[in-house]
Structure formats: C-alpha cells, structure tokens
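Okay, so subunit A shows up in both of these, paired with subunit B first and subunit C after.
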Partner chain A sequence: MSQIYAIVKKEMWQYFFSPVAYIVLSSFILINSFVFYVVLAAMSKSASPPLSPMALLFGGTFFFWLVLIVMIPVITMRLGAEERKLGTIETLLTSPVSDFEIVIGKFAAAFLFYLFAWLLTFVYVLILKAYGEVDLGSVFSGYIGVTLIGAFFVSIGIFATIISRNQIVAAVISFSIMALMVGMTFFTFILGSGKKEFFQNIDLLAMMENFSKGIIDSRNVIYLISGTILFLALAVKSLEARRWQ
Partner chain B sequence: MLNAVGLKKLYGNIKGVENVNFKVEKGEIVGFLGPNGAGKTTTMRLITGFLYPNEGDVIIEGYSILENPVLVRKFIGYLPESNPLYEDLKVSEYLEFRGRIKGLKGKNLKERMDYVVQRCEIEEVMKKLIGSCSKGFRQRIGIANSLINDPPLLILDEPTQGLDPAQIYHTRELIKSLSLDHTVILSTHILSEVEAICSRVLLIHKGNIHFDGSLDDMRAAFSGGTQLKISLLCPENKGVEMLSQIYNIVKFTVIPSGDEKICSFKVTSKESTNIREEIFWKCYENKIPLLEMSLIKRTLEEAFLKMVSEEREEMQ
Partner chain C sequence: MNRKKEILKGTNWSIFIILCISLFVIVNYLSIRHFKTFDMTFSGEFSLSEQTKKFLKNLKEEIEIYVLLPVGDESYERVERLLNSFKSESPKIKVEFLDPEKDREKYEMVLKKYSVTTPNAVVFANKERSKWVEKDQFVEYDFSNYQFDGMAKVKSFKGEGSFLNAMYEVVDPRKPKIYFTIGHGERRDFEENNKGIYLFKERLSKEGAVTEELQTIGLAEIPEDASLVIVAGPQMPFTKQEEEILERYFERGGALFLFLDPVIEEGKEMKFGKTGLEEMCERFGVELLDGLIVDPEASLLAGRAQTFFGVNYSHHSITSDLEKNKYPILFILARPLKVVDAVNKDYKSETLISTSSAAWGETNLSNLKDVKKDEKDHQGVLTLSAVVSSKGKNKSRMVVVGDSDVISEGAFLSQLGGNSIFALNCVHYLVEQEERISIPPKEVSRQSIVLTSTQLITNFVILVVLFPFIIAVFGVFVYFVRRR
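Now for the complex of A and B:
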C-alpha cells in the first residue's frame, strides 16, 4: 500500500511540474464553462426546460465525450511510455513492488487527477443552487457516472501507455479505443433488433443518460467496473510479459 | 549470497547469454569483465529480475527470483547501465520516491535519505532538478538510489561510464568504501577498473563465462608463467646456448641491444618456478656477467586482449 502511495505521489509531482497538467485543467474548465453558459442561456429563454443543466453537463452534449476522449489519453499517455523511453522502467521493475502495484499506482494517479478536474465543476452546482432548485439526487448519480466512466477510460489509457514506448502512440491507441467505445452508439442505430439489444447494453451514451437522470442501473455499473478491471489486468499482464520477452 | 544457475537468455533468435553459472559470497567485490556486447548487462538484468531467463534461475539469500520476485528485489540495489533518472524531479523528490517504493517511511526514510546524501556527497544538488545535474552528480544520485534501503547486494552496471578521470577516481573510491558493508557486483569493459576495485573477476565473452577467479589467477592463466628481461655481457650465440640449457624456460626472444658485447632477452618461464635464481647460477657457472634482470609484469590488459583475439582467430 505504501508503495502505491509512493507511485501516486511521484506521478503527482510530475503532473504538476509539466505544463500539460495546467493546459488540461484549463481547457477542461474552459470547455465545461462554455457548455454551462450556453445551456443556461438557452434555458432562460425556453419556458419549460427538458433537462436540468447539470444533466447536459453530464454527457448531455457532444463536448462531454470530446473532453473525455481527449483529456484522458493526454493525462495517461506519459505514465508508462515515459518510463520506457527514459529507461527508468528498469529501476521501477527491479524495485520491491509487484507489477500489480505499479499499475494500480499509475491508475490511481491519473484517476485522481481526473476526479480533481471534475471536482471543480461542483462550482456549477453551487451556482445553480443559488439561483433555483437543483435535484441533488441526479447530480449525485451524474457524478457517479462520471466517476465510473472515467475509471473505465483511465484504465484504457493505462493499458495503452504500458504497451507503448512513445507517448503519442499511447495517446493515439487509447483515443482510438475510447472513440470506438463511444461510437458503439451508432451501431444501435444501424443494426437490426437482434444485435441492437447487445449494443444497447454497452452503449455508453445511454448509460450516461441514465446516470444523469438519477438512474443507477446495476448492469451499467457492473459493465463499467468489469471493463476497468479488464484493462488493468491487461496492463499488468503486459508488464509481466516484458520480463519474458 | 547469490547463486546463478544455468542462466540462458535469448532475445528472439539472438543469444544474450548462455550457460551462465556462478556464485557470489558475502563480502566479495566481483567484476564482470567483457567487451561490448559480451552479455554483462544481460546477466545483470537476469540477476536483478528485470528480465526472466529462458532457462535457469537466480537464488539470492536462499530465495528464487522467479518464485519470490518482490522479496528478492528487496535485497538488491541496482544501478542500471545508462543510469536512467526522472529528469523532471528534484533530487530530494527522487530519493524520497525511491525510498518509499522500497518500503521505507517516516523517520526511517528520513534517516536513510540523510545517510545516502552524506555518503554519496550530493547535499548541494538536493534542491535541483535531476535534469540540470552534471554527469558526476547523476552517477552519485544513481548510486544513492541503489543504497537507499541498505540492501546487502549492490549491482552496478558500468558505474564509471562516461565520467572524467577525477569523477572516475571518486566513484571508485566510493564503491570501495561501500564494499566494506555490501557485497558488490559491477561490470566494466576496462581492465584497470577491475584491477583497481575487484577481488574477483568473471570474464564474459559472447554470452559465456570464460574465466572465474581472482585477479592473480587470471594473470597466471593468461600469461602462463613469469616473464623476465635479462641482459648478459657476452655475444648473442653464447647467451642463446646458455638459455637453451635451462629446462624451466619455455620461450625466449632476443631483444636487440644495439651493442655487440651485450645481448638481451625476453624470457618466459614455466609456471611457479624460481627462474631468477636458476638464471643467476647458470650465469655464474658459465662465467657470464649478468648485467640486468627485471620482472615484466604482464598486465591484465594484455591478457584480456589476448583472450579476445584468440577467440577471433578461432572463428576464422
């Protein structure tokens, strides 16, 4: 456990040393504030708003997905690829830590960074509360959704960076996998009813819509958690395979 | 302390090392010596568990590195070949990270950090970024990392590589002093380094161990006896005649002396014979004045080159 803490702490030092962290955070805030503003402006004109503004922030717009599938590759790409490039993987893998602990440490660092970014959006909740009623239940479940999808995507990013020697390659791999996952939604439109059922179960857009409406569907939760575990397990296996190569 | 048993490592179809067997006892300083591409780094990566072997096993303090990898790595402090470091961390942050990842915390961590900082003399760079440290300091930071959790075994891959002579001297002195309370394995392709630091040498060449023993043993094995230079006050033919009568001389060659009355020879004797005394008495018997007799100490450098070139001849 203290080894995992050591890794998280070191990754945090490196995050906040590099400009990438600040660029990611400011873009994140900028885009979300823009969305929030547009949504508020639109809602103040219409008499009966169909959704709460927070729901639109949680997956209700194209921007939500764009931010996720760009931001997560960027915050994960360095974690493994850089160790390989610098050669520090040699001191890391010969330290008295298991490959599992290394992967979890790296995952936790990126995930905490991601959660930190979302924590900033809590300001919007406070603003809304100041001006009117907010359904705190659906805000809560929305954050649960953001957390679970984030964990899933971060694990994809960790897997990609562990198998790459180059940061950009890592980012492209994880971006592609995530884009494919999000793009699954299109299959639900294209395909006939039989397969449609299957794709509906793994439709991230639909899942996020549920979360933002206050619905926590156990199938969605299980899907996202097992996806996270799967990619983390793949990352551990690839680290292990490195020693046998 | 360490027992490497039948190690074999293949990189795809390329042989890294093969049939590597050796033992290291507590307190030894062992030098891995070999030319580029010999397999020194591969062997070190196998004994540190960075790579797993295709065949064989490494036992450290009684534990197999394949069965107890995490435990065994606690016993090892490792300085990899190019001394990789995180350029964007401060030296203090780096050492704290390395200490924590090796299981140190709290007061203990602080004490060990203070100790290695003082031991490796890196106080003055503690607040600097590693990326801005000079090569000499980087090397000391790498060694400080290997020492941080006070492991019984230090494995240093080319610890003086790329340093200036003053830094090389400094690093060697540091390693020597560390060897008082750690078992040390280091690698180098410079013979004088082995001569300066090590008590034992493992000669690695083309992925195999060619020699394992003390430095003196190695010199003897490759030089095959004592070499002398002698000068006699007599014509060359008389000198040749006399030396031919000495049974214990394996070989002698004439060294041109530039003076007709004096002849000089380079003489190689059989192993472990008291050849100097024999030559003296032979000269006395033949009434030939002995002007000079000196020992030519065959350097390891020569022995090493000889071995490598013999290999090359064999191949052709």
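Now for the complex of A and C:
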C-alpha cells in the first residue's frame, strides 16, 4: 500500500509541476464553462424548451465526450510511455514494487487528477443554487456517472500507455478505443429492435444520460467497473510481459 | 529453446486474455439479467409507486410488452425508462421496442395480431389476453404555447398508472359491471356547460369496466351482476321501493357510489327538496344535511365561495395519493354531510374529505347572491364525502359525495387532476380493486432559471473568462518556478 501511495504522490507532483496539466485544466474549464453559459442563456429565453444545465453538462452534449476522449489520453499518455522513453521503467521494474502496485499507483494518480478537474465544475452547481432550485440528487448521480466513466477511460489510457513506446502512440491508441466505445451508440440508432439489444447494453451515451437524470442502473455501474478492472488487468499483464523481455 | 519460450508466453497471454474477457462477459451477462435501478432524484421522479412494485413482485405470469413508437418520439425515453424499472422489479416482464420503420415487419404483425388501430401505442399481452394503451393515455400535453411556436410540450407522463391498469387487465380479466341509475334527473353523458359525465364513463371503460344505465322504478331487485351502482346527482326523489332495493343490494354485499347534490325545489319560495335516499344513508351512518356549502378559505374565485377546493383528506386508501401529492378536488354548490353512528352496528362510517373550519352550510335560499354565515347555518368543519364499510362478513361498501360536479366533464377536463383521481379511486375501492387505485401523473420536470442580461454577462466573465484564466496563470507560475 505504501508503494502505491509513493507512486501516486510522485505522479501527482509531476502533474501539478507540469504546465501541460494546467493547459488541460484550463481547456477543460473553458469548454465546460462555455457549455454551461450557453445553457443558462438558452434557459433565460422565454420560449426555451425544458433544460437541465447539469444534465447537459454530464454527457448531454458532444463537448462532454470530446473533452473526455481528448483529455484522458493526454493525462495518461506519459505515465508508461515516457518512463520507457527515458529508461526509468527499468529502475521501476527492478525496484521492490509489484506490477500490480505500479499499475494501480499510476491509475490512481491519473484518476485523481481527472476527479480534481471535475471537482472544479461544482462551481456551476453553486451558481445554479444561487439562482433557483437544483435537484442535488440528480447532480450527485451525475457526478457518480462522471466518476465511473472516468475510471473506465483512465484504465484504457493506462493500458494504452503501458503497451506503447511512444506517448503519441499511447494517446492515439487510447483515443481510438474510447472513440470506438462512444461510437457504439451509432448502432443503437440504425439497427432494429432485435439486433440493437447488445449495443444498448454498452451504450455509454445512454448510460451517462441515465446518471445525469438521477437514475443509477446496476447494469451501467457493473459494466463500467468491470471494464475498468478488465483494462487494468490487461495493463498489469502487459507490464509483467515487459519485465521478462 | 527461445521458440519454445515464445510459444509458452503467447499461450499464457492468450489464456489470460480469454479468461479476463470471459469473466467480463459473464459478469455483465448476469448483471443484465438481474438488475436494479435506483432513483436518486429528490422528487422521486423516476420511482415506482408501492402498488406497482407490489404488483410486479407478485406477478406469476409472463407479460409481453410491445412498444410501438418511433425512436425519436417525445415519449419514447420516458416509456423506455419506465419499462426498464418494471423489468428491474420482475423477470416476468418482457419488453420489445418496435420502430415503425426499422422493424416494419414485426411492427405490422403486432398491429394485426392485437388489433391495434393506432400507430403509437404500447401493447400488453398475456397468453390470449391483450390490451393496448394509446399514446394519449400515457402522455398529457400542454398546448399553452401552441399558437406561438406550433409545438405542444409534454406536460405530464401518466404511463405508470395506465400501464399498470393494462397489466392488471391482462392478468385479471374480470370486468366490473357498473350501473348508473336513471329516471330521477341524474347527470347524463352529455349536458350543457360541461356538466355531462361521459368522460367519467369513458375512463371507467378504459380501465376495463362495463357501464350500463339502470331504470330502478318498478325493479324488484338490483341485477345480480352489478359490481357497483352509481347515483349521479338525482334532482327528483327516489321512491320508497327504489330506496329499499338499493338498501337490500347494499346489505347483501353490494357497492354504492352516491353523488347527492342539494336538491332545490323552485316554487313561490325556494326550499330544499329530498333525494329519497336520506333515510337509507342515515341508517348506515351518513346524514344528508340540507344546505349549500360556502368555504371562503378554499374558494376558487373571490366572492364566489360556493365553488371551492376540498383539500382536507382523512387517512384512507382512496385519498392517500391525493393527500401525498396535494391534489385538490373541485366542488361546486355542494351539500354538507354528517358522519353519525350507523343504526346497524355492523357498519362503520367515516369522513373522507372535509372543508376548512371557515366553511358553513348555507340554509337560507332566499338570498344566494349575498350569502352570510349565521347561527341557523351548519357550522364548519363540514364533511364533503364519507365512506361506509361493513365490519361483518359481507363486503358492502358505500361512498357518499355531496356534489355530482365532482364527476362532471368540466371537472375532469380541469388542469387540477384531483377530481378524476378521486372518482376513479372511489370506484376501484368500491369494486374491490384497491390495487388499481389511480396513480397520479408525474409532471415533467422543468428547471426554470431566468437570468437578466446583466447577470448573464457577469456569469460569462466569471465562468468563461476569469475561471480558465486563473488556472492558466497558475500554469505560467509553475512553469517559471520550474525554470528557476
């Protein structure tokens, strides 16, 4: 446990001492603030349709997914690939730290950074509360959704960075996997009732829609947690293979 | 040797990947088969009512549900979410969504098989029995902005109640026979000023009841197949013989739903008349008082306190949902009732709805334009509706309401919703289908925040300009610290 903590601490320092982290954070806030502002402006018009700003922020727009599938590869790409490029991975692998601890430590660091970015968006909830009533139950559920989807995507990023030698390649691999996962929704639109059932169960957009509206579905929670574990297990195994190379 | 090692490594990897993926698939397969949904909203917007949960939990037969709606339909998402909640409560619920375009063949097959005559509906089938619910029965629209933007907004979603009733019907096909007495000036289906009761009858038919008119004059007994007899606002008195057959029917386990308005005899001088059912009601614990209720504290229009809302509900299965959701019931020129001890101790009467303490029962009919409370009037709190039930083995049940406007077309069409829920709840209670007690529609939540242009500009500056800028400044600061 102390090894995991040490890795998390080291990675977190690296994040917050790197200008890239601030570029990611400010871009993340700029896009989300802009979306939030547009929703507020639309709501203030007399003939506006029913809108829920937080529900739109949690997966209700294209920007949410764009931010996620660009931001997470940027956060995770250097975690493994850079260590290999700099040669520090050998030091890490020969130290008394297990592969599991390395993967979990790096995963936890990236995940905490991701959560920190989302924590900043709580300002929007406070603004909404100042102007009207907010159903905090659905806001809470939305944050649970963001947390679970984030964990899933960060695990994909960790797997990609561990199997790649180059940061850009790692980012492209994780971006592609995430884009594919999000793109599965397309099949639920084009297929008929019998065939689309499979895709409905892995439809991330529909999952996020549920969370944002205040519904927690055990199927969604289990899919996202098991998906996270699957990619982390594959990452541990990849690191183990690297050790024997 | 190296080749052997490579093969071993490859096999090891393959086995590991297959194992991981298999485990992932199994866990998710099981979770899809046995799932639960949790409503986190504070308003309980997506929660099922206790009676729906109870029905689904005790469901023994499989119910097939076909949703005949296009994917883009405004109610599609709500229907999908509701049926998902049904599925999470019972594995006996099987749902299939059929798009008229993408699943054309099956869609048309279902239309034909279940004789569905409308394109947008939800079909419920259990063995040979089926029932379809058309869209108008589960979605209520708001046309207030229609003339401006040509769009009707979804006002409320009534899916849970209408789907539950459809499921009851395919599981329990009993059709209660409801008789409406005629021959005493009772309300008819269509009357002027929205006073008809066709909407009430239509709702009863949609919920599976068979309604028929019954001429009681000269009748020896109420028909054996009667599940309920409704007396809807008689203006002329029932004869002694008619009162007796109603009483005998009630005593042998029958159900009566009596809407007894104050009867006003117009002549040289206006005075209160009789309904002919006064003695029977009193014997079972409900006294019909002569008077017109005036309730200034609950009135709808200032200066017209004879039109008012009943919102004081007693604790009873008929009124529990109304009380919970604060649905008011509209009364117009109602008669005061009084709950008294029943002559026959086998019966128990109790108040269902009452007025505010400011109300009174006006007894002076000479100056109705300017009514004033005086000592001769009945003093509030007054009973507006009472229920009588048998303590013994027979299942006699009676609900008395001092106003038949409660079931008028106008009241059913009003946006308040309480009247129809109350009337249907009473019918379900009386025909012993309490499990079908109406579930109030759920309003579609609309968060409304209207900001002034100054507030919008302030928020733009804070959120879109300052917030990311501060973070970027931190980044620049860190960059320079690192360089040093």
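Throughout what follows, the second predicted complex is superposed on the first by the 240 of 245 C-alpha atoms of A that agree within 3 Å, B and C clash if a C-alpha of one lies under 4 Å from a C-alpha of the other, contacts with A are read in each partner's own complex, and residues count from 1 in each chain.
Just so we're on the same page, a residue touches a chain if its C-beta (ideal position, glycine included) is under 8 Å from a C-beta of that chain, and two chains touch if they have at least 3 such contacts.
These figures come from a predicted structure and were not determined experimentally.
Undergrad: With both structures placed on chain A, which of the two partners, subunit B or subunit C, ends up touching more residues of subunit A?
TA: Counted on subunit A, the partner with more touching residues turns out to be C.
Undergrad: Tell me which partner A:P96 touches in the superposition: subunit B (first), subunit C (second), both or neither.
TA: first
Undergrad: Looking at the overlay, what does A:F17 touch: subunit B (first), subunit C (second), both, or neither?
TA: both
Undergrad: Applying the document's definition of touch, where does A:I7 land relative to subunit B and subunit C: first, second, both, or neither?
TA: Touch status of A:I7: first partner only.
Undergrad: Between subunit B (first) and subunit C (second), which does A:A233 come into contact with in this model arrangement: first, second, both, or neither?
TA: A:A233 sits against subunit C, while subunit B stays out of touch.
Undergrad: Does subunit B (first) or subunit C (second) touch A:I149, or do both, or does neither?
TA: neither
Undergrad: For A:L56, using the defined touch cut-off, is the partner it touches subunit B, subunit C, both, or neither? Pick first, second, both or neither.
TA: Neither: A:L56 stays clear of subunit B and subunit C.
Undergrad: Which partner does A:G214 reach: the first (subunit B), the second (subunit C), both, or neither?
TA: Second partner only.
Undergrad: Which subunit A residues lie in the overlap of the subunit B contact set and the subunit C contact set?
TA: Residues common to the subunit A contacts of subunit C and of subunit B are 17-18, 244, listed in rising order.
Undergrad: Can you list the subunit A residues touching subunit B in their complex?
TA: So the residues of subunit A in touch with subunit B come to 2-3, 5-7, 9-10, 13-14, 17-18, 86-98, 243-245.
Undergrad: List the residues on subunit A that touch subunit C in their complex, please.
TA: Within the complex, subunit A touches subunit C at residues 16-19, 21-23, 25-27, 29-30, 33-34, 36-37, 40-41, 43-44, 47, 49-53, 120, 123-124, 127-128, 131-138, 140-141, 189-194, 201, 210, 213-219, 222-223, 226-227, 229-230, 233-234, 237, 241, 244.
Undergrad: Touching subunit A in the complex: which residues of subunit C?
TA: Against subunit A, the touching part of subunit C is residues 9, 13, 16-17, 20-21, 23-24, 27-28, 31-32, 35-43, 45-46, 71, 81, 84, 88, 96-99, 102-103, 106, 145, 148-149, 153, 444-452, 455-456, 459-460, 463-464, 467-469, 471-472, 474-476, 478-479, 481-482.
Undergrad: For a test of understanding, state which residues of subunit B touch subunit A in their complex under the given definition.
TA: The touching residues are 11, 45, 48-52, 69-71, 73-74, 76, 78, 80, 82, 84-89, 93, 97-98, 100-103, 105, 145.
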